[in-house]
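Every chain is named by a letter (A, B, C, D, E and F) in the order it is written, and numbering of its residues begins at 1.
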């Protein structure tokens, strides 16, 4: 199985679905992470070019710790992501090339604009990839069966799937802490542990859970 | 596997998910249908008591044709369904007693009030059934893994699952036609064939499809 | 009376409101169709320039069959429509020039992005055309009295008008079949017949109906 | 033509669509007003029975001034309106008995609960009246062609019809002032004049306008 | 200052706004807690009457620990709360009697029905309390200036106020743990600590925060 | 205290919150107005460059009458505002430079596109200004405590704050009338007086009120 994870910035993949990624790896699935931007706006003083380099390295380190190494950096300008032809085409191409059975990206209700734009780009690319259209995206039409949206800045209002990540919460947080440039100023690891604990208790599905909104599912039973 | 289908009136089960029911039967699953009302308001002249009797018989005939015989008639007043303690409790009890892995009921955006109320009752009963609460509903807590909402009067705006029923569309329509008292005045069979064909073509998932909104899913892959 | 039909791609006009167009023609009204794109992305192998030519010809053939010949091709890139100044201005100009009493365009809830963008462009152009603003759009201010949104990929959740097209469904489908390049891979004619039949039965307004969301109406009685 | 106006309390009819009522009268149409409650909660000291009597008389006086005398008082408890079988049935019966071509009631987004409940009751009754159902509501099925929702406490977000009432705004306000028991403490006449003036200027449809959300329309052109 | 906290069940007050309550107490404000139900459905075996007694005692203990003792138990049936005249009237009376400057209750998007109904009852009571209406609710009209909605089962999508409770998070959790009958089976304290930590980090307003949706505010600056 | 008012066009500031501006001035607060466009599309014949000059002068005159002179003209093309990097960055810079305690801009539901885009730009800039991000916007991170959205073309559905402007409604209207180029064709002053009167009566907060949606509040009591 091939899983595709699309993140607005490095670290959103780990925050939103790091535990689920670890489960894919453990099951022997291939995981590919696509970063729409390299998060170079995430500092008040570090030169952007330098921060981009650092954050891409941190993403690589986190991925390596989690057990995959297929990372794609689209290098849009952080904070200024837009649903332009290039981005829609890139994602559509990727979907037709990687032919993933499952895809993860931010949910539509995220307060952060880069997250919402990532959602729209992915939703649009999924529709395009599946039909006899858009020859600028080579490869056979491909329909991604399982489409899951994760939460980062804004919790999902109506969750439709909970993944119990109790068995790997510590490794998830360790991977998150690879993003040293970001955790230096904001303790995202504690925020994520908090949210995953809250979700686990309130859904009753495990000690720590990652929750998702299911946009599409390929097989129900 | 146990499937539970909740219908506001007899025939809504066949219209909304008759093909999916047939697939469950074919797979050897148990199917139980619960009718919130017996549809006795569906005529301008037939005495209600008589029409109730007729429609329950028609439901039995349709079920029998489809291959199941576990029908439960809650006999609320047709057209006047309400989310009262009796109904919420009945459904919660049923869920704890039948322990279904999958449940089908109308989606939240249906234009017909009885359908929306059925949705609310089911959504509420699902939450209650799963925790250490409500002792008036005997049995162990039970969490229904797969929750699918079907469409009858109002098409679903954002579908999240399509079941290809091309292999059994004719049998589904034959079952629907058992509801003679209703099809005498309104050709629901042609409406359903039309919608299922439209869904099949536009999703690209088969000749005829039943479409659903997934409220919850137990396992993604 | 002048009717203006705005379509994201050739064939959307026939799918969404082909029967209503036929009624306008029959009533002696003028009909103008505007195509935001020429649908040149609708193939995996045909060169885009060639497909554009073919699809514009198919649109002309369908229009001719329906009885009008005023077609305007705005030739935006198919799949990459955007609500930019050019498009908003073009539509506003057109409205002031044609002074239509009725306009048709896709509803706001369509799943396909080109359709949603077409909706936004039209909604915005309607507001601009009516006031003493935007001199780059020559002509007198013009307020379109009747604004109807049609359905193609996503059914309208709350319909506010149903047009009985039973008397011309076959001609509508014949016109749709002029779009040979598209129907070769996807049987849109059967999808449309299905949806129009479903709408007819469920609204009780005729055998086959086209349904609309009314954004504005000029006279109620 | 028969117009039916449904009001949660006496005075809501005049506030929401008094000018439109005057236009119906002027056109020789029949107008019937239905009051869900008699507004007897509208005071801190007057005995409810007495206030009910006063307000029904005020409604009669306003109607008489406007030129109609068909008033129906359903006398639900003011402030405690509920969508129960009695109310749904009463409205459905009325629709089948009066066979109106047009109906007016509050829009769904009103902040006041009695208004929202009135909306739901009317919307439900309209669906029931039109089909071969609900024999407890005698008469032939009847489909109301034109369904308009008016605004009182909460302005409509997306208006779809504006009626220019410049020619009768003063008479509308005079009719509103017949509701002396209410205007003694709150100057609704000035509020209404303000809203109607705002609507007139911002829509550009006249000096004073009443604005509506069109739920259904029978004929577009 | 008088603060009024309305909770569907004992413990919702502490979960949703326990830290804010502690701040009111510390500021010398009066705090009144109203429990719509006494949570007697919260067990699979304990007799309801007994559990009601226990949970009311737990609520008293938690309040006492937090520093207030004005508790009102409305004793609706747990799980079956409805927006009936009694409840709307009770709350309206309370508001006119207590004349609070600030009120807390669950937000409208809560997944649990008792929470949503509590929201509706409170929203309605607030509107009634403020005008010259409803003499069955004695006292002068009273307008509650500050209306805040808290989160329990479903996080708020768009928060509009964050209260930094870092200085009292441990005392809040200690108060929550007074609800022994509930925490025996579900570790709500860990869920709440998690959510409050997540909120604190993501809003940047403090280590632990309680977040609210502001429905009304009396003074902005 | 520093107040920041963001307006799509000159005159929207006065229409939406002119009374509130006057209260800030009276309290000795600093007021800065930012105009996203200079409204040069607001005529059918006047050359745009000339109208821009005129409208900026009218804005200056109105501000001067109200008692402030800090006006910033961003000079985007009127009618074609877009949420591009320049605009988001400009606003973020302004927020970090001016460090306002309160900000006013149009609410998200406005029918006019320039107003909605202004809303999005401001909402996004507020999020960016507050964290250790976006060094292209110099200055310390700044979190605007009080965020209020005003109404112009589309009334707010759920208002959360009403400012009583009865004491300065005439001065507000006088300031509005400085926008002679606009009021020559449309009597906005009468529209605004109407809406503010309606709001005052219906909220019961004063003779004339400006109503707002509160997106964020810094201190509740």
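Just so it is clear, contacts are C-beta pairs under 8 Å (C-beta built on N, C-alpha and C of every residue); 3 or more make two chains touch, one makes a residue touch a chain.
Not measured: the values here are computed from a predicted model.
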Inset, instruction - Go through A-F and A-E and name the pair with more C-beta contacts between its chains. - result: A-E
Legend entry - Chain pair repeating C-F, as identified from A-E, B-E or D-F when over half of the contact pairs by residue number coincide: B-E
Inset, instruction - Averaged over CA atoms, how far is the centre of subunit A from the centre of subunit C? Could you give it in whole Å? - result: 37
Legend entry - Inter-centroid spacing, subunit E versus subunit C (mean Cα positions, whole Å): 52
Inset, instruction - Indicate the residues of subunit B shared as contacts by at least two other chains. - result: 111, 131, 158, 186, 204
Legend entry - Residue numbers on subunit A that touch subunit E, as the complex places them: 109, 111, 153-155, 157-158, 186-188, 190-198, 200-202, 204
Legend entry - Of all residues in subunit C, those that touch subunit F in their complex: 85, 88, 120, 124, 127-128, 131-135, 141
Legend entry - Complex interface listing, subunit A residues touching subunit B: 1, 101-102, 130-131, 143, 146, 148, 158, 160-161, 163, 204, 214-217, 220-221
Inset, instruction - Using the touch definition up top, name the residues of subunit F that touch subunit C in the complex. - result: 41-46, 48, 77, 79-80, 111-113, 185-186
